[in-house]
């Protein structure tokens, strides 16, 4: 079991190395894309600062909280894009039959599908996230912070896998996946506490945008055992659910009877 | 002129299928408006007016700005791509009517996208914060302003695309342009929220004439502002039009010499 | 330069065994227009398409078999089932003793594939990077991999090309790299799909030679799909023709030519001006002032008789007798069945 887990991480690392090599091969492109994303994040941060500067707090969220929010979202989204850069390409891979390539190779196909691409711009996100974290996270908070980032990454990936796997059941979900992930990114870029009632509940469960950034920020501000377990719990459920959905979908794919798939 | 109108109509009818795609893309505006409505409701708290905006005005303002900016035509993107590939040499030999045909198509796209975005977003906004009052007599002026805003956006996009003759990577330039629209253009929040020095700068840059001014006119019409805005919009369209022409001439000369 | 040993190699168990294989695709039939789409949502109609219709064949160790058929004949469906990506509607299949769709991952370690139209190499990086990545994917032992790599690199003459980004290589060089990538893990079965597509004559010849050599040395069983009949002629001893999901011919190439076509092509260069000829069983395919090509039906007339007739009528400078091109044979088979 431990051997399998080790192999899993080694495999991800191999692909990551290739991504870095490709990045160095296209140095200009890499630095401009990563740099632009870094700049982009700074611009939005500035505007948050202007907003908070004018209104002091937004439902108890102050400047520091907004900083943490941005750090977490950039870092987790960035890590997904750097290591699992194909996470938004699942629906397309299914629709275009690229899945065959991964199926015919000895490695587990979901992992392989996810790690086989890397987005240059995501490195800019990671850099930005690290810089912000370095400034605003204290040493004592680091373990909790890392745990939250891991949960966020898993949530983002699980959501992407779920949306992509819909292609197995209802036909190509390329556009749905794109919109869904964009929406997820959008909502999780804002403080969860601007929402209330049913909306907030949905964002903490079925569409876990609130768990990606909002809850971690609150946890880092003031640790709460219930929120913590809620975060871990929903993350685990989402992970298991998305993997099962994908695996079952593969069985359907193997029957060759999918709609809209080029056979 | 009528011919181009007809072309637009036929094109739209034939593309009913890809309307599905359009709608799906526009769903994003529902999410965005939902987020902003919640955000500003919390910010307003008990306040009735902030910098001259009621909450309704604020949200409708954002919706209008969002609708203008996000209504793009794939034709602009395709044209820019063709410029990158050098395919545009093929265009240089076509009659002007071909170019105008594409412009007509582009406008058709943008108008359609705008309506869908504004309608869908409007439903969300209305149900969350309510409506705003607009004097129907002002609608025609607002439409003029919107038309000019969209045109300005198109021309700047084409200009950036044209730079593809010299810069290999116009995608980054487009990216930067969009970010500038979001921020200095006033899409995220009206210029009134900015610190004074920043709002003064933003008010003279072309970006605010794509988003801020037309949207401000929509929620709070003022004839003086309309005249001023229109004149400057025309001014900027002229400037970028000339720049576009210069670049085009230079580029086509370059192309002819190099044989494409 | 054909591999005549393999056909006689009665190795105990066949490498590939296919028995009564059937694959039926059920596609949802969408009606036209909005009405049709709505209807299909509530009362879906299914259209059945029989892609593979009860085929059976086996491959023995070391065979190079050509697998040909027109597009849509069921070739790719069969190959997908052989690699375990698709499971059949009925029938059985065993590759290296394993059921492909059941033991797909395990089988993956033993098979390699080269798709002429779907490259596996990373486009932007030097081939060596893809090779290294594959060594990790197939979990090859480091030392063994290095030895194997060196051997293959020398054989395929890739030494100078290893560090050049794949996108800068010529098509022929790229194909050689693709084949090496597929051979790194010493697969027992190799699926080649259009391996010489787009290559010039010299490159094609080189690739064919390399394939034959690898087959001889390592006894890799090869299933070759190609629309290039020269590939088939040069590489395969045996040919399986598939059309409409059925195997319509399975046997020796030479025998196929003899069975299905009793024609010879006779090309002649004349010393005197050529007009026309009239002889039973002979058709003039083409002619110029001083040359002509004839198609002779061996069941209607003997070659000797026709040549004597020609020599009486004309002054002959040169004469060649050829087999009917394989394409014609295949076409005839397609048309018959």
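So that you can tell them apart, the chains are marked A, B and C in the order they are listed, and the count of residues begins at 1 in each.
The working rule: a contact is a pair of C-beta atoms (placed from the backbone, for glycine too) under 8 Å apart; a residue touches a chain by one contact, two chains touch by 3 or more.
This one's a predicted model, so the numbers in the text were calculated from it and none came from an experiment.
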Of all other chains, the one whose Cα centre sits farthest from chain A: C
Most centrally placed chain, judged by C-alpha centres: A
Centroid spacing, where centroids are CA-atom means, of chain B and chain C in whole angstrom: 55
Where chain A and chain C are represented by their mean Cα positions, the distance between them in whole Å: 44
Centroid distance [mean C-alpha coordinates] between chain B and chain A, Å: 30
Contact footprint of chain B on chain A as seen in their complex: 29, 32-33, 36, 39-40, 43-44, 46-47, 50-51, 53-55, 58-59, 175-176, 179, 182-183, 186-187, 190, 193-196, 199
List of chain B residues in touch with chain A within their complex: 21, 24-25, 27-28, 31-32, 34-35, 38-39, 41-43, 169, 172, 175-176, 179, 183, 188-189, 193-195, 198
Residues on chain A engaged by chain C in the complex (per definition of touch): 7, 10-11, 14-15, 18, 21-22, 25-26, 100-101, 103-108, 254-257, 259, 263
Complex contact set, residues of chain C against chain A: 23, 25-28, 77, 80, 83-87, 101, 104-105, 108-109, 111, 113, 118, 120, 122, 124-125, 129, 133, 136-139, 165
